[in-house]
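The following block contains the structure, expressed as structure tokens.
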Amino acid sequence: MTTHFDINHYRIEQEPYYQAQQNEVALYEAAYAARLPVMLKGPTGCGKSRFVEYMAWKLGKPLITVACNEDMTASDLVGRYLLDSNGTRWLDGPLTLAARHGAICYLDEIVEARQDTTVVIHPLTDHRRCLPLDKKGELIAAHADFQMVISYNPGYQSLMKDLKQSTKQRFIAFDFDYPSQETETAIVARETGLDAERAHLLVRVGHAARNLKGHGLDEGVSTRLLVYAATLMVSGVSADDACQLALIRPITDDAEIRSTLEHAIQAIFG
Amino acid sequence: MTTHFDINHYRIEQEPYYQAQQNEVALYEAAYAARLPVMLKGPTGCGKSRFVEYMAWKLGKPLITVACNEDMTASDLVGRYLLDSNGTRWLDGPLTLAARHGAICYLDEIVEARQDTTVVIHPLTDHRRCLPLDKKGELIAAHADFQMVISYNPGYQSLMKDLKQSTKQRFIAFDFDYPSQETETAIVARETGLDAERAHLLVRVGHAARNLKGHGLDEGVSTRLLVYAATLMVSGVSADDACQLALIRPITDDAEIRSTLEHAIQAIFG
Amino acid sequence: MTTHFDINHYRIEQEPYYQAQQNEVALYEAAYAARLPVMLKGPTGCGKSRFVEYMAWKLGKPLITVACNEDMTASDLVGRYLLDSNGTRWLDGPLTLAARHGAICYLDEIVEARQDTTVVIHPLTDHRRCLPLDKKGELIAAHADFQMVISYNPGYQSLMKDLKQSTKQRFIAFDFDYPSQETETAIVARETGLDAERAHLLVRVGHAARNLKGHGLDEGVSTRLLVYAATLMVSGVSADDACQLALIRPITDDAEIRSTLEHAIQAIFG
Amino acid sequence: MTTHFDINHYRIEQEPYYQAQQNEVALYEAAYAARLPVMLKGPTGCGKSRFVEYMAWKLGKPLITVACNEDMTASDLVGRYLLDSNGTRWLDGPLTLAARHGAICYLDEIVEARQDTTVVIHPLTDHRRCLPLDKKGELIAAHADFQMVISYNPGYQSLMKDLKQSTKQRFIAFDFDYPSQETETAIVARETGLDAERAHLLVRVGHAARNLKGHGLDEGVSTRLLVYAATLMVSGVSADDACQLALIRPITDDAEIRSTLEHAIQAIFG
Amino acid sequence: MTTHFDINHYRIEQEPYYQAQQNEVALYEAAYAARLPVMLKGPTGCGKSRFVEYMAWKLGKPLITVACNEDMTASDLVGRYLLDSNGTRWLDGPLTLAARHGAICYLDEIVEARQDTTVVIHPLTDHRRCLPLDKKGELIAAHADFQMVISYNPGYQSLMKDLKQSTKQRFIAFDFDYPSQETETAIVARETGLDAERAHLLVRVGHAARNLKGHGLDEGVSTRLLVYAATLMVSGVSADDACQLALIRPITDDAEIRSTLEHAIQAIFG
Amino acid sequence: MTTHFDINHYRIEQEPYYQAQQNEVALYEAAYAARLPVMLKGPTGCGKSRFVEYMAWKLGKPLITVACNEDMTASDLVGRYLLDSNGTRWLDGPLTLAARHGAICYLDEIVEARQDTTVVIHPLTDHRRCLPLDKKGELIAAHADFQMVISYNPGYQSLMKDLKQSTKQRFIAFDFDYPSQETETAIVARETGLDAERAHLLVRVGHAARNLKGHGLDEGVSTRLLVYAATLMVSGVSADDACQLALIRPITDDAEIRSTLEHAIQAIFG
């Protein structure tokens, strides 16, 4: 029943494709050099997670990612005792593994988590850089390579779900947005093998959809969905079917919005 | 106490009866070829589950189905430790079994589930295609055959219960609706042995009921209920009794709506 | 500590007294022949449970009854692991016992239960007729004799507590109401030995009370309470005291309604 | 660790002092003879519990009392498995003990309990007279002497906390109220040894307080508090102090109501 | 792992300082002689807990105190099974210890506790004087020396949090308030060694603050805080600083109230 | 599996940098000398935690810090039983460790915790200075060096989340606020090595942001964020980028407030 943990499984072996938008790579390197905790802000699917993966690869550090949710407890992050044939055995949670072995720990959509989950990162994100395992009676000093990264979608911000100021003020923050049309076309073409021309048309559809955000759509179309549409087109699905499947139906059931998007697709793809 | 799991128990051995409505079979094949995550949208009982079973049979892949509900936890999907005579023993949940052994995993009515259940599928539905078992310290790379499918009833959509955008934008979506009268008549006749004429009359009753959706009925009459009515008629129950038992009483207690439906039945069956 | 389960303990050995109101016995036989899931609708104490018992006896099948409530979990129906001296031991819940051994499973007042309890019956109530025991890694194919029956009181229906359409549309439904005066008089006399004349007077009191439903009473007087009153009268209690104890005080504390009922009793018993 | 349960510990050995108010003793005897389930209605401290004790003594049956509360679960009534050195061991709850060994089971203030607690008594309170121990796989047929009794304070009745009709309609009901002045004076004198004259004055104070119910007091003064006051007076405390300690301060903090009560006491005790 | 419980650890060995305000000591002695359950009412920090300690010392009885809170369960009071190397072992809770060994059991701020905690004391506070340990199958007859005492702050009383009448009417009640200036000066001087003059000035500040209760302050300044201020002054802190630290900052953040209090302090200390 | 606890791990070995603002160090020494419980009040990141660390170092006492949160239970503070190969084993929680071994126990943001967590400190913060471990049957007398310290942010104070008066009145309180510009400049320069001139400019930006508190910002910019900005500048990041990353983006997403802050930065850094 012993689990031999190997931090190297969390290393990114192949360079992730990441197209820098400004000087964010250099700024992140400066932040990592001082091990400042980092918050990535921006809408769904604009590349926050990809950026962390790229930086982890570039810095040569392992990356441990946790998708936060409202039912997650502090123990899910820190660890817990398991009952073994020889009594209880402690199992490090992902945050503890990262702190102990020197990984970048990335808490995706932190605002979804309960407060005990967010408070548990406090001692790791100030001058103490430690993690008390109260249930184990152990005080872990973070590995020199450890860094804390969280993501945060301001579009979700509400009175009920927001970070406490005492959490926010522990991070420097990067703003993210969808890539420029040029960059996004390159991404779609590179990831799917679709020709640049049709890739560009898809990106224009994405832009049209993003302009509807706040006018009937909660959120724009992510780069990921553009890649899905391109994937279908490459395997022979018509542009019209591909856009229906990947760009319209997943994001809205509103008949009027759907019609607006269909018109846009016809206008763009002719 | 050992449980020998055999993925082959989840293979569909007999071809399920499925009457294609458009090109959805070909589109699904394209989606499966790229292992794109798929969302099936449509009202209760219009054939979403049957379609997945048919595709699983056609593609020759095992299918693991989970009916979601608001009390389901992430552990119900991913797995948990059980206490055994030799200490604890890990038991894979249905999602883990599907990812590990290469099944299509179908989460029926995903919107009913709690957020921790929906968030747990995120790493399986982007470029990572992995499932971290945090409690076990294991990172499963999904089997090459694994695909994620969810169903979603837009009629249930509400402020309280809706998928997060960051979940929605991980799927391509198929729209489903009740079959055409012709197709549905064929289904009812084939499944019950009822003659085509009376099967058609039942289907007309179903159509009449579906027109009341939004005018006193929350949801139309499903094909399943038409099959129930036909089953009763085949075993000698009168059309009137069969329609009462299978098409009116289960779906409404409103006296006026019941009366409207009874008039429709009399008009149709004469 | 082993529990030797014997399905025969759940057989109804003596014919329950049941007075058919229409052709419901024949219709139920047709439904059972096709193993269609059945929903019994009607007010408290009008004979739904008695009808199921009668049908189980008539069909010669065992009957497993579960009174649903809002604190019941899916595990209460399906089963759970118990810690034994040799580790854990699985204990089938009542639903699993019924599916495995071919009983009629009757979930009384299903609408009281939480959603995870109602969703768990879905795969047993469509063409699959199976019950996945996720926690045990076992997929039970329902015994050929198994049938699912639920009861439902439309009077309790509310926005907060109603069955999901995807549950409703898995059942054919029977409507129940209080028996006719003649039938009810026969029941009261037969069950208690009270003379037919006084039994009839009691039934008239019951009818008077039922007319107050919606005019100050939530629910009418059940046949069971009439039987209680008759029982007391047979053992020498005066009609007045018996009606007070069994027909007035249990159902209301409202002084005005109590007075109305007392007048009715005096008028009827003279 | 074995616990040798002895039902005889629950027998009432000494006749409890009970002063009948009308023919309730005879009516209860008729109800018990038919083993009808009984509901006792009335305000706090008017003698409902004492009546059950008296009847249990008079009938020579053991009495098991459970004070219900909103955190009580069905397992608290029915029983549960305990982990022992030889694995798990089943421990009957008070309801199961009563059903198995033939006691009167008295659930005090049932309306405080959660629904799963109230539903669990259903099969014991209809013609089945059985108790299914689902977790144990055992179906207990109630002992011939078993009877179910519950108490209910109509003053607490509210939309949030009320018995379900399907529970109410399983019981015959007795109404209780505070005893007459004469009876109550006899009770106070007999229980404390206070002279009849001062006992009567205390009872008059109690009556004055009860008239304030609904006019600033939620509930009148119980006989128990009158007994407390008399107890203090017998041990030398002045009437004024005794009434302050036992009749005023426990039931209200409202200055005006307190003043009204003080005036009443001065007027009565002069 | 065995814990040898010794009730003598709960005896008060040194006479607690208690300055009687009226005849409450004699009244309590009368109440204890009859073992009447006692409720102490009054604001925070006015000496309720000290009074119980004094009476326990005076009567030579052990005292077991429990600070109630809204997360406390009945098991926290009554006891629970612990898993030991030889299986489970029962551990008496503080209420059970008190009942078994004859201590005074003091539940501080009972109104904070959940209902199951308050209901559990019912059989100990009426003529039964017993405590059923349902989970253990044991019925404890209270030790002859056992007495139940609870405290209650009427200032906290609200619709959401109040004792049930059926709980209130089991207790006689003592009213408490802050001591007179003279008494309080003596207490402050005696407990800290501060000279009587400055102690008196502090007490006057306390009185000034108590007059603001209901006019911007939820609660007056307790004797404990006066003792804190005196303690600081004895160790050389200025009166101004001591009053700021102990009498102003802990109880309010309202700038206006703080200013009012500062003026009062300057006026009093000159 | 044994954990050898060593209180010395909690000693502060290096003098923390702390710039006294008034006579708070002397006042704290007086409070500690009498072991008075201490409450530190003030906004996020103004130096409360640093002050406690400094005092712990100055007094030569170990410090155990707990970040409170709304999911923390009393057991998280006091301790719990763990299942070991030899049965259960008690594990002291951080509060118990502090009381037993004579540490200063610092509960950060106490108001976030649930009531059972705050009530558990009551017996440690009055004349008793003890901690009853009810689940263990042990009564710990606090070590002579033990002191209780809590922090409290009045800005968070609300009806839903506030300390009970009976908790507040157990502490003396220190007020904290952001340091003066001069002091803060010294801190920023000392902690990061940034030249005093640019450090002063950053501090002026911080002051500008703090003036927006209540006018669009929930909370001002903490000294910590100023240190972050300085850290980035020292490693070559431009003042503009550094202020964006550390002083604007973490604290607000409001476009107007961001613009106001950007103007302030341009005005200050020119």
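Labels for the chains are A, B, C, D, E and F, by order of writing; each one numbers its residues from 1.
In the analysis below, a residue touches a chain if its C-beta (ideal position, glycine included) is under 8 Å from a C-beta of that chain, and two chains touch if they have at least 3 such contacts.
The UniProt protein names, listed by chain, are A, B, C, D, E, F = CbbQ/NirQ/NorQ/GpvN family protein.
All figures in this text were calculated on a predicted structure; none of them were measured in a lab.
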Chain-contact steps, minimal, separating subunit D from subunit A: 3
Far-end chain from subunit C, centres as C-alpha averages: F
Whole-Å gap separating subunit B and subunit E, where each centre is the average of the chain's CA atoms: 60
Distance between chain centroids, defined by C-alpha means - subunit D, subunit E (Å): 30
Between subunit E and subunit A, distance of the C-alpha-averaged centres to the nearest whole Å: 52
Two or more partner chains touched - positions in subunit D: 83, 86
Going from subunit C towards subunit D, every chain in order around the ring: C, D, E, F, A, B
Residues of subunit A touching subunit B in the complex: 1, 3, 5, 9-10, 44-45, 49, 65-72, 76, 80, 82-86, 91-94, 108-109, 112, 153, 218-219, 221-222, 224-225, 228, 231-232, 235-237, 241, 245-246, 249-251, 253
List of subunit E residues in touch with subunit D within their complex: 23, 27, 30-31, 33-34, 36, 39, 41, 73-74, 81, 83, 86-88, 114-116, 118-120, 122-123, 126, 132, 134-139, 154, 157, 165-166, 168-175
